[in-house]
Every structure is written in structure tokens, then in C-alpha cells.
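In the two complexes below, chain A is the common chain; its partner is chain B in one and chain C in the other.
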Partner chain A sequence: MKARVPILFACGILLMIGSLMIVHAPIGEAVATIFQGSLGNLKKISGTIKEMTPLLILGSAVYLALKAGLFNIGAEGQYLVGACFACQTMVMVPGPVGVGLGCLVGIVTGALWALPAGLIKAFRNGHEVITTIMLNAVAANMTKALVAGPFKGKGQLVPSTAVLPVNSQLTPLFTFRDLEIPQSFVIGIVVVVGLAYWLNKTVAGYELKASGANPTAAQFAGIKTKQVTVKAMLMSGGLAGLAGALQVAQFEHRFYDGFATGYGFDALGVSLLVGSNPLFLLASSFFFGLLNKGGTALSLIGVNKGITMVVLAVVIVMFAAVRYGRKQVNHG
Partner chain B sequence: MILAVSMQGISKQYGSVQALGNVTFEVEKGTIHALVGENGAGKTTLMRALYGAMQPDSGSITVNGQAAHFHDSRAAIDAGIGMVSQHYGIIGELTNLDNLVLGAEGGPVLMKGSMEQRANELAASMGFEFDWAAESSTLSPAGGQKLEILKLLWRNSQIMILDEPTAMLSPQDSDALYESLKQLAANGATVIVVTHRIAEVFEHCRRVTVLRGGVKVADHDVADVKPEQLAEEIVGGTVIERPVPVSNERSNIRLRIDALSVRGSKGETAVKGIDLQVKSGQLVGIAGVDGNGQRELFHALIGVSKPMSGSFSFDGNQWDTEPGSTRILEGLRVIPEDRHDEGVIEEWSLYDNSALGLQRLPVFRRLTSAMKSEAPVMAEMFKTKHGNLSDSMGSLSGGNQQRFVAGRALRIDPQMILAFQPARGLDLNSTTKVYQEIRKACDEGACAIVVSFDLDELLDFCDRIVVMCHGHLSEPKPEEARDRAAIGRLMVGAE
Partner chain C sequence: MVSFLLQIITMSAPLILMAMAGYMSERSGVINIGLEGKMLAGCFICAAAGAHFGAVGGLAFAILACIALSLLHWSLTQMYRIDHIISGMAVNLLASGFTGFMDSSGIWKTTLTDSQRLPLPMYYAIAVISPFLLFAMAGRTQFGLRHKSVGSDPDKARLLGIHPQRVRFSALIMTGVFAGLAGSLLVTETSGFTKEMTSGRGYIALAALILGGWRPIPATAACLLFGVAKAVQIRFSGTPIFNFDIPSEIWNMLPYIVTLLALAGLLGRNRTPAGLGKH
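Coming up: the complex of A and B.
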């Protein structure tokens, strides 16, 4: 049993090297490119931060659900729905008030999009993985239909909303030469720290963690586990919706067909890497942001971007193995 | 004296734990021999060695004068050794006959007719009666125990090992069981009974061996030893006395249960319209054989299940309509039946577990700092053995988890204590201490209900005993309130 973890680790590294060799990538150069492309200069660091921003909030969303014993694969869909409705709100109500309102709409619509999965899980014991996957598909098609129809901006040739008025677009909070710190990045950090505090220091957070870790014991402790399940899905969806709203306000400035680039799924990896301390969400999203940004640079030297996905997958599997191994030791 | 079993110098090490250290164990043929000791003393381990389910690191085993090397239980069974373990192995979905012959069918083709004939002969020889075509799930615990014994006879066992055979039986059924065992012994069989009930040793057994901490500490003819001495040998020191329980009861009724019915897990009515009033200061024991509605009653009182009808209140608060969390705020404290599933979160540290169930009390308003200060006190209350309070709960033994859970339930202002088998996994003195703490809370005005399947334990500690049988609650007549036999009759519904 004890040999399993190092063996898995070795296998993971071999797999990584092997996959790089299969695509005929010079290994040293590939790794250098990833780091060059993500951290090589201030502009590239800014790009990494941009990639990291939605992952901070989406990672928090998935992590919160995970602590309640729920695997919210629907973050992507909640993110899309939140972004779509938030964007339309910001188009209709310009200025800072509209941005605030848009974020609120993003939170509410994201939460509502997660609600059915929570209710079905709590009261019909339908698995949240199935329901949220299906809701993802509905979200993708529904937002597409909306921006092709009622939300379509005047003069847009493709399915897209109008571009946000300039006074609705969030500016960077801080700029130093090419380095940009977006406002939404700071909000993301606040979300992570807030979540860590809530989970570790409040009774509500304690009850949520107890429901996730042992629902029977939680019931005996007077915790209404069904309510906790619904609440966790609402909060998770709300955070995902907020991530969508901020993505529109800070970076995209419109919502269009193809808005989703898989942040919601990356967030699953982000939160799985975290373990028991929510503050590791910061490191985990940075790591994913780095690989996302570096992967783009990699594709420029002719290596398929998918290789970074392989790296991520290997890391997650190795990490899971390490945690599994630790659990075994505890019980022995 | 002919020895049926002779185990010499048996040792067994599990990791760093010496489970058995140079144990010698001899059993005379044709007797009932008791093996006693606390939880974890090595009784079951020693018997598993005899039964071939475990290979000792050193030592030799002789059965009926012949050296025996059992590499597995099959070899032991072939040598005429049979064992009924604590959680016995009857499969509810099979018929009684299927269960009887399972694993010893005697050939590739099942000959129902001849099997039933032999089954009937065996049952008749013991004075048992069985409906062989009935599903075993319909058996009472006593019936299951009898079927287990027949299974041993079916396999021609001459040496029978019974691990806590009376743990689930009423006093009458226990006595009947021992009558059967005596009859077997008289016919030349050898019976080894693993038990923690000292009374049984003196009533029914010829010899007794005491294990403590994996070492044999004494061997006696039962006639030559007194119960007090035996208890001290088991505990390894002074046994905390258990004086006759005296109630400090006040006149005010705190818990009032009216016509309460609760559904069981299979949809049946498990609790059938019971009434019970518990006064301030009372420690009430619910006696009864397992599965007579005690569990369902507890679940309703705690709030993990809803009653079908009826109501209950505490200090006038209508608990049946209040959420469980409110009941806890009003003083409900629970020592649940299954600490592993219901009482603790094994992945969490002892610190984190200290607030579980109490998290909404004012004490835990500042959660993390309160857990830091409360956990050590809770652990210390019943001397929970742990490496560190930040270790995971899963790293503790079952008995130590139970100590912690009991400490947690009794630490912060308990008013209504519900304890389900609180002694489970505890040694004699720890059991006494837990009950003493419950008694102390009652003396200060709280009240308590304890469920146990061990009537003697309830008689030792409770000032009032009620009985649950088939979902009904009954109370012995005042003049029989402490009469073991009378309560036993209520337990099996004989009155």
C-alpha cells in the first residue's frame, strides 16, 4: 500500500514526459516556453492574472459545494447564465450603478440555475453530477438563443449583446507599466478569504462541512442536512454567476455565443487540488492560470495546447493519490 | 481430567500492540468454561487462534490430546471446533434450513428431505423447535442464537466457542440457552463462553479464565472464587462500587410523551402509542431485547425522524414540532448508538468534533477558540486516550471515541440526556464513571433515558426501569420494580 503513492507519482511524470515526446516537443524548451509565456514579462504576468481571476471565484464556488459533499459540475452553466443576464442588465443600466446591479443579477441568476440541482439532490436524491451536467447543456443553448434573439445588440453581426458603455467597463485597479491588476481580481481574492473565514470560523460554515463529511452524524447534531444541501448549491451557483458578471464587466464587455472557454471545468481541478485549507485556492488558481497562459505560448511553437490539459490531469491524479495515501495511514 | 483444549504460550503481535502475550489456556472436556476480561483484553483474539481464523506468532495448540495446526477455520471445523461470533452469521433472506446447512451441505446436490430429517433430530435433541421453511429474518435474537448452536451441531462440533452469546437475549432466554449448553456438556461436548457478565460465570460455568491486557491473570474453579475477587482480577485494581441507585427525583415532570407512534425503517409501526413521563432527577432505563422500538423512539426524540402520531414535550416545549437544533438549545444531549456513524466525524480532529451537536450553544459562539478550550475538558472527563487533540477522530479506538462522545454529551449543561448503550466498548470502571456523571446531572435536576440490552447494567445504575417489547412500553409493578425475573418476563412479552 505504501509503495502506491511514489509509484503513481513516477508514473505521472513518465506520462507527462511521454506525452511531450509523442507530440515531438523538446521537453526542456516546452517547459521553458510555459514559464516564459506566463511569467516572462509584466504583460505576460498580467495575462496570467487575467486567466486566474475567474478561476478564483469559480474555484471558490466549486470548493464550497465540495465541502457540503456536492460535486458542482454545473459551475460552467451557472457562470454562463450569470454572465448573460448580468451583461444585459449592464447594457440596459449604464454606469457604476448598472455594474453593481449586474453583479447582483449575476449572483441571483447563477444561484437560481443551481437551485434545481440542489432541490433534486435534497428531496429526491437525484445525483447533482447528472443534473448539473444537463443544466450546463441547457444553459449553453439558452444563452445562445438569448443573444441571438432578445438580447442581441443593434448592429451585431454575430449572436452577441451590445458592447457595454465605456462607463460600465471596469478599469484596472492598478497599473504599473504593462502590469495590470484588475478590480475583479481583487474581488476574487476577497471572495476566497471571505469563504475561508466563513467555512472555518462560523457556525453555518461548520454545519455545512459537517453535512458534507458525515450527513448522519450531522443530522444527529441537529443540522438540517437537506437545507444545507440546497443552501450550498445556491451559494455555489451565486458565486459562479458573480464570476460571470465580473468577467463581462472587467474583460469581455459583452456576452456572445462562445463566451464559455471552460473556466467552469478548470474550476473543478482548482478546487480538487485545494485540500482542507480554502486559502490554497489562491495557489491553485495561480497554478491553473499559469498553465492556461503558458499553454497558449506553447501552441505558438507548434505544441498542441492540449498538452497542458494532460499536465493538469496528471497533477490532479497524483494529488488525489497522495491524499488517498494519507487517509489510509490515518486509519491504520 | 481430560483436556479438550490446551493452548500453551500463545503470543500475537499486531503492529506495536501485543494482543496476546504468552497465554496458556486449558479447557476440560465436557465442561462449560468461561473466558472473561474487559474489551480489548484479548479474549476474541485468543478464540480466533483456536478457531484457526488467526495464526499466533508463537505457541502450540493441542485439541483432544493431538497437536493442531489450523491454517484456516476450515481445518478447525474439521477437527470438531465451532465458533459463534458476536455478530452472528445468519443470513436473513435464506430459510432456516438453508442457514443451517450453509457451508456444510454434504455434497453437490441438496437433499432437502434428508436434510430436514436430520435437522429435526438435532433440534429435538436440544428441545428446540424450528419452522425450517421460514425465512431467518423472522427469527428472534434468541431463535438466531439457537440456530447458530444447531449449526455447530450440524457440523459435528465437539468444542463450541460462543462469543458473548447472551448479549442480545432476555434473562429468560439466557437461562434457557445455558440449559441447552449444560445438556450438551453433559453429553460430552465442551463449551467455551466468552463473556463480560460475571453473574453468568457464577450461575452456569465450571471454570473461569481471566485475561487482561493480552495476558492470562487467573484460572479458577468457579466454586473457589468470589465475584468481587473475579471483578478485581478483570479490572486489574479496585472496582468502583455500584451502590443501589437512589433517585433524587423532584415532583416536576420534565419529559412528557403522549401516545407516541413512530415508523420503523421497513415501514412498520415500530413504536406503538407509548406514554412516558420522566421527572426531574430520574434516570430511567429502557430494558428490552434489541429491535423492539427503542431505536425508533430515540430517533424521534432526537429529531432525526418524525413521529407518525402522538406528541412529546420537554419543560412544556412541544419538542415533536421543534427542530432538533432547538431541542439541543433547550438541553437535549445525546450519546448515540453508533458513535462511528452518528456521533463523530472520523476525518476531523478531536478539536473539530468537540462542537458537533453543540455548535449552536452560546458557548461555541466563538467557534474556533471555544473548540480549543472545550475539547481538552471533554477528552479528560472520561480519560479519552489520544495522541493529540488535533489527531483525527478515526485514529482513536472505538472505546476511546465513546469516551469522548460521552464527555461531550455531559460537559455543557445537559438537561435531557438520551444515551443508547452508553457502555458499548467501555471497561467496567469507565462504564460506572459515565453513569455516575449522568446521575450527577440528574441530581442537579436533569433527567435521563438510557437504552441498554444489558438488564443488569440498568439494574445497577437506573432508579426506574421500563421495558419495551414489540413497540409497547410497560413498567413493572411497584413491588417488582427491581425484580430481574419480572422485568425479564416483560422483555419477552410474557405478561
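Coming up: the complex of A and C.
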């Protein structure tokens, strides 16, 4: 059994090298481009931080659900719905008050979007992955219809809301030459630290982890696991909605068709790489941000971004193999 | 009217083949959210190999590639015991990344001429026959019963001397065959590969499978239902019904919402195979 994991690693690395070789891309140059494109200078580091910010909050959302034993693939949909309604709120209520209100709306709508998945999981035993996949598809279509219809901004040629008024756009918290630290990034760090505290130091966090680790044992210990499931889904959806709202306020300044670029799925990868300590979310989302930003640089030299997806798939599988390999049970 | 019927067949045939692919895997206990990726890989390989080796070669390579991807899924879930969701996601990522990457590199031609395409009625015939074949297989053959038993309770199956891993191996090969057929059908219809051309069909097929309670014939009926919804959408898009122009997005949402209702238990009892995702 033990020899198998190294074989998997070897296959994964061969796969990555092989796919670069098929298209005759120089491997060394490709790796150098990824690092130069993401960390080469202060401006590129800012770009990496920009990519990292939504992943940080979405990663926390998915991680929280994962700790309760739930795969929240629906982060993508909750992020979209949160961003869409938050954006419309910020367009209607300008100024800092609107931003606060928008974030609140984002949290509430994101949580509501996750609620059906939580309820179906807790009371009908329907797999949350299936329900959230369905909810994602509904969210994508619904937000598209909304920005093409009722939410469409005046004078917008493509399906999109109006651009946020200048006083509702979040400015960078801190600027040093080309290096920009966005406010949403700081909020993201606060979320991660808060989550770490909540999971490890509070009763509710303990109950959530317990029912994720062993639902039967948790139930016998007097934890209401069904309520915990619903609560975990709500919180996870709320965080995902917050990520959407902040993305609108800080970076995008409007909501349009095609707003989601797969952050929700990357977030699942982010949280899978994190072990038991939530603070590793910072490192994990940094890695994903780096790959995203570096992948863009890679596509400029003619290697399609798809290769970064292959890398992600390999990395996720390797991590999962190592983690599950340890507690293998041997059935025939 | 004939064109409308043809539209329904065009829309539902790939879904039926994909739902059968899902049936083979899910009924044996392997959660398969990797259907989307397998279908996409089938599309790409059929287009690339078809342009190079001709029509039959295209289909053969598509099926082989999908079998390979399915067996990768098998080894990840059964040998390494990686969570089925994670491995399914990895399959999707691999397929989506690899096809996008190969397609934009342009080293393989991915458009087909008429002589490089197998006749569409052949695929439609397979789509019509296969649910009945699988239905007969499930109830009447040794493999069918074993297939069902490992999906329902792998531990009890083990006590009866059945090896769940081996049964799932065969089941996932069948999944690969169906996924390869579905991918080839899609490419044959459009005569070329475009990025992300499956556009969620794998997930819709999964939805149909769930709606059909993990049974081949009801799942086919669900596929037909979704096919009709899609055909109606194409037919009536732009023409207001009762003075109200329904956005096409509403029609696109329909399969997913119906499936959610089914999962919520509002449409009959929950028929999830009990051994789904267990080892």
C-alpha cells in the first residue's frame, strides 16, 4: 500500500511535464514565467494579492463547511448571488453606508442561497454536492437574467449593472509605490483569524468540528448535528456572499454576466490543501493566487491557462492521497 | 413538427448516453461528478483523432480516452480511497484544463469533414436501445445484480464473496464507453471541438439520473423531459407567450430546479443508492 502514493506523485509530475512537452513549451521557461509573472515586481505582487483576496474569504467559507463534513461546491453560486444583490444595493444606496449595507445584503443572500442545500442535507439526506451543483447552475442563470433585465444599468451595452458611484468604491488601504494592499484583503485576513478563533476556542466551533469528524459520536454527545449542518451551510454561504460583495466594492465596481471566473471551485482546492490549522488558509490561497496570476502571464507567452488547471488537479489529488493514505482501512 | 421532434432527439440523446454513463458508476457506489470532464475529454479526443484517423478511429479513441479517465477515477477512489467528490473534481479539472490547453495550442486539428463523421442515426439508435439494455442487465444478469449489490451495501456484498472494487472496475469501464459515445455524438453534431462545448451537460445528465431515482428508464424519461424543455426554449425564444417574453435563462434553470425539488423529497421518496461513496 505504501508504495502507491509515490507512484501517484511520479505520475502527476510526468503528466505535468508531458503536457508541456506535447505543445513544445520549454519547461524551465514556463516555470520561470509563472514566478516572474506573479512575484516579479511590486505591481505583479499586487496582482497576486488581488487574485488571492476572494480566494481567502471563499476558502474560509469552504473550509468552514468542510470542517462540518460538508463539501460546499456551491461557493461559486453563493458568491455570484451575494455579489449580484450587494452590487445592486450599492448602486441604489451610494456612499459608505451603501457599502456596509451591500456587504450585509451579500452575506444574507449568500446564506439564503446555501440554505436549501443545508436543509436537504440535514432532513432529506440529499448529497450537498449535488444540490449545490444545481444551485450553482440556477445562480448563474438567475444573475444573468437579472443583470440583463431589472438590474441592468442605464447605458450599459452588455448585461451589467451600473458602475458604482466613486464614493462607494473601496480604495486601497495602503499604497507603497506600485504595491497596493486592498481593504478587502485585510478583511479577508480578519475573517481567517476570526474563523480560526471560532473553530478552536468556542463551543459552537467545537460542536461543528465534532459533528464533522464523527456525526454519530457527536449525536450521542448531545450535539444537534442536523442544526449544526444547517448552521454550517448558512455560515459558509454568508462568507461566500461577503466575498462577492467585497469583490464588487473593491475591484470590479459592477456586476456583469460572467462575473465568476471559477473562484468558487478554486476555493475548494484552497481549503482542501489546508490541514487542521485554519491559518494555513493564508498560505494556501497565496499559492492559488500565485498560480492564477502566473497562469495569466503564461498565456501571454502562448501556453494556455489550462495548464494551471492540470497543475491544480494534480496537486489536489496528491494532497488528498497523502491525507487519506494515512488512515487507510484495508477491505479486500 | 418533424423538425421539432428532431430537435428534441438532438437535445436529449447526449443526455441519455451521459445519464447511462452516470448510472453505471453511481449505481455501483462511485459518486461521479466527473461526468462533465469525461464527456469533454470524449469530445476533444473524438475531434482530434477523427480529423487524423477518420470516423471510426475518432470514436474508438474517444471511447478509449474516456475509459482511461474513468479508470483514473477508479484508481483514485478505490485504490487510494480519495474522496469521490475530490477525485471527480480532479477529473473535471484535468479534462477541462487539458482540452483547453491542447485546443489553444493548435497542434491538433479539431474540425471534422463529413467523411470523418459517423452517421448521427447510429448514435441516436444507441441512445434509444441502451437504457433498455441496462434495465435488462440490472435485473436479469449476474453482473447486473452484483453491480446493484455493491452500490447498495459494499460490506454485505463482500460477505457474499463479491469484490466491490472489481465490480466497480467493470462498471467504470462501461461509464467510459458511454461517456465516449456521448462526447463523440456532440462533436458529430457540431463537426468540431470548441472549448467547454459540453456546457454543463454532464451535470444535467447527473440531475436526470437523480430525478429518475438512479434507474435507467426513468432517468431516460427525465432526459427526454429536459430535452423537450430545451427544444421548447429554442423554438419559442423571442416569441412572447401570453404577452410575456420568458428569458431563456428561466428555461435553462428548469432541469436544476426540478432536480432540487426531487432531492427535497417533494417528488417521491429518496432513492439514493445506500452505498454511494462508501468503500
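One rule holds in what follows: the second predicted complex is superposed on the first by the 327 of 332 C-alpha atoms of A that agree within 3 Å, B and C clash if a C-alpha of one lies under 4 Å from a C-alpha of the other, contacts with A are read in each partner's own complex, and residues count from 1 in each chain.
To be clear about the criterion, a residue touches a chain if its C-beta (ideal position, glycine included) is under 8 Å from a C-beta of that chain, and two chains touch if they have at least 3 such contacts.
This is a predicted model, so every value here is computed, not measured.
After superposition on chain A, the partners chain B and chain C are seen to fit next to each other with no clash.
With both structures placed on the common chain, the touch criterion links A:V310 to chain C but leaves chain B unconnected.
Of the two partner chains placed by superposition, only chain B is touched by A:N200; chain C is not. Looking at the shared chain after the overlay, A:G222 reaches chain B, while chain C stays out of its contact range. Look at A:A213: by the touch rule set out above, it reaches chain B but stays clear of chain C.
Here chain B and chain C are compared by how many residues of chain A each touches, and C touches more.
For the pair chain B and chain C, the model built by superposing on chain A gives 10 Å as the shortest CA-CA distance. Touched by chain B in one complex and by chain C in the other are residues 331-332 of chain A. Considering their complex, residues 4-5, 8, 19, 22-24, 71, 73, 116, 119-120, 124-127, 129-131, 133-135, 137-138, 141-142, 144-145, 148-149, 265, 268, 272, 302-310, 312-314, 316-317, 320-321, 324-325, 328-329, 331-332 of chain A touch chain C.
Interface of chain C with chain A (complex): residues 31, 33, 76, 79-83, 85-87, 89-91, 93-94, 96-105, 107, 154-155, 158, 163-165, 200, 203, 206-207, 210, 247, 249-250, 252-253, 256-257, 259-260, 263-265, 270, 272, 276-277, 279. Residues 15, 302-304, 323-328, 334, 336, 341-348, 355-360, 364-365, 367-368, 392, 394-395 of chain B are the ones touching chain A in the complex. Interface residues of chain A facing chain B in the complex, by the touch rule stated above, are 200-203, 206-207, 210, 213-214, 216-217, 219-224, 327, 330-332.
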